[in-house]
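Both complexes below contain subunit A, partnered by subunit B and then by subunit C.
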Partner chain A sequence: MAREAHPALPEFDYIKPKTLAEASQFLSEHAGESRPLLGGTDIFVRLRDGAWKENKFLVDVKGLDGTDVLTFDEQTGLTVGAAVCMNRLSSFPAVKEHYPLLAEVCDTVAAYQLRNRATVVGNICNASPAGDTVGACLLYGGILNVFNVGGTRQEALNTFFVGPGKSVLKPGDIVTSLQLPIPPKGMIGKYLKLNRNNRGDLAIVGVTAAAYPNQDVPSGVTVRMALASVAPTPLVVSAIEDYFKQEKLTSDTVQTAAQLAMDSCKPIDDVRGTARYRSLMVRNLAKQALTALLEKM
Partner chain B sequence: MTLAETKKLPSPVGESKTRLDVIEKVTGAAVYTDDIPFGPGLLHARVKRSPHAHAKILKIDYSKAEALPGVKVVVTGEDFPKRIGLYLVDKHIFARDRVRFIGEPVAAVAAINADIAEKALDLIEVEYEPLEAVFDPVYGASPEAPLLHPDMADYDVPNYIFPQAGTNIANHFKIRKGDVERAWEQCAAVVESEFYIPHVQHVPIEPHVAVARWDDDGTLTLWAASQSPFAQRNLIAKSFGVSQSDVRVIAPLVGGGFGCKAGVTMEALPVAIASKVKGRAVKLTLTREEEFFTNFVRQALVIKLKMGCDADGNLVALKNTMYWDGGASTEYGVNITRAGGYNSTGPYFFPNVHTDSLCVYTNHPIGGAYRGFGMSELHTGIEQTIDMLAEKMGIDAVDFRLKNCVKGGDIILTGMTMHPTGLNQCIEKAAKAIEWGKEAKPSSPNKLRGKGIALMWKAPSMPPNAGSSAEVKFSEDGTVTVSLGGQEIGQGAFTVMAQMAAGVLGIPYESVRVRGPLDTRYSPYEWQTVASRLTWSMGNAVVAAAQDARDQLLDLAADHWDEEVEDLDIVNGKVISYKSEQEMSVKDIGIYGLPNENFEGWKGGPIVGRGSFMPTYVTNLDFETGQGDRAVVHYTTGAQAFDIEIDKETGRIEVLKSASAFDVGRAINPELVRAQIEGGFIQGYSSAVYEQMLLKEGAMLNPSFVDYRIATAVDIPIEHHVDIIEVPQDDGPWGARGIGEHPMVPTIAALANAIYDATGLRLEGPPFTAEKLYLAMLDAGLVE
Partner chain C sequence: MTIHTITCTVNGESEVVEVPAHWTLLQMLREKLGLTGTKNGCAGGECGACTVMLNGAPVNSCMVLGVECDGATIVTVEGLVKDGQLDPVQAAIVEAGGVQCGFCTPGVLISARSLLDRNPNPTEDEIKEALVGNLCRCTGYVRIIDGIKEAAKLNEPVVIKE
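So, the complex of A and B:
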């Protein structure tokens, strides 16, 4: 909690490597005292507030191989370079056409000006439970392409988050892009974000829901949901997916499912809201989000 | 000039003239304090602040800080023994024996750059011994509480503030009118209530910034973002033991004041630091965090009310006990308590009133002026309790208000006779705008709908003899410069003054110049830009100065034409004679005068009009009863109303309609009046729905815009209905009264009454966040 009267950015060195290898090398050699830098919309605020006091280097990974890529391929899906800002992403025609939920969630983040800097990959790598874009990326089955001097690999988002601000990334890892496969045919989605104000706030509760026809489940429709700000990590509610394997999405099952969502979350009290309110809002917003899906189907 | 005289003038008064400062502000050309360059010699200050809410200072060791290269000086409370304060002189610039709130200045550093000053702060070692702290004003007022200012009896204080030595009560203001205890027997209905209105901050866009330089001759120059250059000159001169004339305060435009740049707050810090490095300018700019928890706040209030009326619905008695959370110093706050006291009935007539308004020292941040000066807090209690009583009597809340609201000729709570007021019209207009009385169904089963109304009154809260002065000077081109000492803080004061001067002089509005910066060396005296007093008080001074200049012009023309002044006039910048039908331009005579026939000498000379104004009729009030002939200069009154829906699934409020109606006496510039009403309403709405300083053991938990939420453009109602009522003030220019603060006064209460109408719930106090409303509805069984 910032109670410091004159918080200021600590001294740090800005490192602008020429290659991914150089960046990764530097980050691993300076483990614990260096961080990769993308849009900086979160990192500078947190540095000023005294987080990461041990940090001495910001390693700018924008502009490195593959980080500026934004492409859509009918076979492999969407590739979002780490340095692609949210405004560029949400206005990309293929995103609007094939991943409308992603465009929708981007436009709820902070303000337009900030979205000129803020990136989805940054939002993911922060591993904040409040990340607005994370739920949609999870439901789209997102995979991160990770570069490391020791070798490149892929990390699935559904096993990426470990705790508040913590992910499976290790020193020297640089996420170069986010990969979203072609969404299932007929997939629809909805993001509901509870702010204190109408816009420009952090999510007090965020509910991302998606559904698509699926002949492999008895109900014929798969329904998935991810929650923000109500657990130590972004939370995919597996109970919802299980429930709708058997049950069809109806105004009755929506009620039960909303309760399942509420029961699965573990919010805390903080200055932005109480655990009690957050739990209840998960239920109410889950109901609204699922109802919205029902209406779209 | 009397009203009858001013009314005859052909003038831009009453027209919505374009603001004088609009171009420079929109283009970014306007100069604010931070824009002024001081060259490479400028020193940058940083302040070491207390981490304790209440503690004894055992030892300060700043030897390491002093030794840091680049540090020019380190100061502590040892260096500045004198106290400072606007009303109760109770504050040290730097804490001396003890600290009384988290954020109180303990020491400061001036260095060649801010980074070095910052580093030096960490090298200052302060040893504290924590003391028991007070965070609750009710407890603070009790005999059990530890004394926060044991020396209070020795503090200088004006004779209308009543500190209670041996307690934490820095001012005890009483009203004893009639016999309240016996009056309850006459009541057909009595209601009791208690509310808590929390601390909020002003959050101007421009943080506090001040630059001070002492020169070798012992004179001080202070550049500051300031609503009060003259009050600062006076208080700083007294505290530093120098002559007022040796202190020069220069005040450029202000990027938002709302009261937080009134009096002396952080400006004394760079002045103190600079006194130890003569010849060097020392600059201090507060961080946003410092804005939040180290500077003056709107103090919290605990208000306990008991109110009764007779069988016909006539108000009979009011008992009002207010505990103001004054904070660590009450130098300014004692007068908020006083204002709370002499306004404590709200705009209603009660034959019996018993008020105790207590200003209590606590270990919270210092309470100071905030738009409304205690009135939002007071009316939040009064106006909800009026609704409660009306409901208990089964009387419509608007009818109940029309019946009981204060009217011209009423003997109000202090014994003063109320002047004519348009409050009745305000109530009717605001009620009509939201279709009061017409049943309104929720737009969906997921919503609850409600309407609410609240009234307000407020008098300028100031010393009885707060004065204004002005000068009017001509240029060769016939334009006129008005010099004055009141500040343009966004409200449009300069524009309105130009309209008045043009109106009196008979010259076009476009020919009048009013510009900053204010400069106490050259600007005429003005007490402070507070209390919504400029249009009225400074306006009267400007009118007098313009009239003086006008008289000189007419005398000169009458002499020249050998006519009577009564036959002359000034119209569109020309002196005209209705008798001989001669005319001449003021630009030909404003500077150079006029030649005698055949140029045998000259008459006239540069025209300088001067004017001043000070109310002479305000009387002190009796300590025991609060009674006196005239407590205040006048009251601006008004009403506000809401038609809202509450979302049953989230608790969020959606405003369907909102309306204001205020009696401003006369709208000199109706668009500016409207802007003040809209802006005040938005600030009131913001404090009603979002704002609260979360204080835990004296520490603010949300000192940033991330978690101190204010209403933004997307949060406010798209339309706000405004009615301007004009029942003239006998001593106001063209009958005008102030409107700067009033529009945010009834907002919390009006919204609370609408919430009650929708839900049947009364919350302890604002902000009425979605969470608070939802959980209250849940606990009441209104939602699942």
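So, the complex of A and C:
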């Protein structure tokens, strides 16, 4: 059957709860047929494509307690409410000053209009391996604050992702905010993304790299890297961090590290690129990203 | 199908709209309010033909539910005209020849108006960046960009936020 050119959204009801408890209760009572709604920029595309046929309810959690918060504290770091859109986040002065890599990755997502709706917490909760903002949040040591009518808890991002579109979240869980600790002093970062066109596309491959001085390792500098679109989940390349414990970041070690990045990924063939192409591009982009860090140091 | 009754302000007029829960703002504008200036291009948040201002910020109206706009202020391309006068950005893009088939134009105008509201003197790169989400298949963008540069020179930003 030919696909409709402009499919309308399938029918569902829209629920606007007044409290987190009410929202969580509804989501757990309607497990499997309801989802929390933030910006909707992924949900609407998926629904139009025919995914989630069992969905009957979208539960709008924007504006609920703590979801609009955007604050920076010198001790505890940055708190990003779930409903804070990417444009608001990337233009927040404390983000520009203390988390420039986060501002940089937000500005690579789609286009300005979409970033007025799209949220970083939504990008994380979708658990897409291609999420542009996820790598930076992983490298900043992000933690999610999760509300459930059964109790609140925190989930570290490095153990949050389970598979494509799958996370540790359970029915009734609502991520209210993302917490990023104060970055290590002198941290620099770079995000490089390979697109089918110059701007506005999903990542065929995304490479987020960061480095900071660290006297606790023999090399004196910690280097970390996260990859997008090359494994079932967003991937932190532990081999890179291990390698640069001993080795200094130089134009020679960059070559070896780029190969480590390539060896760590497990991409698939899909409409945006083949597995082989992705692997090779990881090596190229990793080299470019690490070289960019070297030049910034 | 669940129908919600919402109240919103569209182009300065208060509207009470009965809208199905799964309808987008784009459908609501075109099919309930008859504001067909806003176009349905891709219905996927990519082409920008449906761009409108929602509470002062441009959004893809195909990526917002109508029911989410309860209490919101919306400006469409029809709302750019004030007292029969074109917004400077409309006049300048027409003058520059930035309209061919015209399908992208309503979205381009809203994005351009929004850019000049937040940055009255944009560079060419800033103009291009602001138009990343507005696809035009006719003009090659050159005359659209020329028009926005001219509109910036007019230096008479029309405040369209409520």
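One rule holds in what follows: the second predicted complex is superposed on the first by the 289 of 297 C-alpha atoms of A that agree within 3 Å, B and C clash if a C-alpha of one lies under 4 Å from a C-alpha of the other, contacts with A are read in each partner's own complex, and residues count from 1 in each chain.
Quick note on the criterion: a contact is a pair of C-beta atoms (placed from the backbone, for glycine too) under 8 Å apart; a residue touches a chain by one contact, two chains touch by 3 or more.
It should be emphasised that the depicted structure is a prediction, and the values quoted were computed from it without experimental measurement.
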item: Partner chain(s) touched by A:Gly63 [first = subunit B, second = subunit C, both, neither]; value: neither
item: Subunit B versus subunit C as contact partner of A:Pro218, first or second or both or neither; value: neither
item: Touched partner set for A:Pro7, first subunit B, second subunit C, both or neither; value: both
item: Subunit B versus subunit C as contact partner of A:Asn87, first or second or both or neither; value: second
item: Partner chain in contact with A:Gln288 - subunit B first, subunit C second, else both or neither; value: first
item: Subunit B versus subunit C as contact partner of A:Arg196, first or second or both or neither; value: first
item: Subunit B versus subunit C as contact partner of A:Thr274, first or second or both or neither; value: first
item: First, second, both or neither for A:Arg117, with subunit B first and subunit C second; value: second
item: Doubly contacted subunit A residues - partners subunit C and subunit B; value: 6-8, 45, 199-200
item: Touching residues on subunit B, where the partner in the complex is subunit A; value: 46-47, 49, 102-103, 115, 118, 121, 287, 289-290, 293-294, 649-650, 690, 694, 699-704, 706-707, 709, 711-712, 714-715, 769-771, 774-775, 778
item: Sites on subunit A touched by subunit C in the complex; value: 6-14, 39-41, 44-45, 48, 58, 60, 87, 110-114, 116-117, 199-200
item: Of subunit A, residues touching subunit B in the complex; value: 1-8, 45, 194, 196-202, 204, 271-274, 276-277, 280-281, 284-285, 287-288
item: Subunit C - residues contacting subunit A, complex; value: 1-2, 4, 20-24, 27, 40, 42-46, 48, 51, 54, 57-60, 62-65, 67-68, 111, 114, 129-130, 132-134
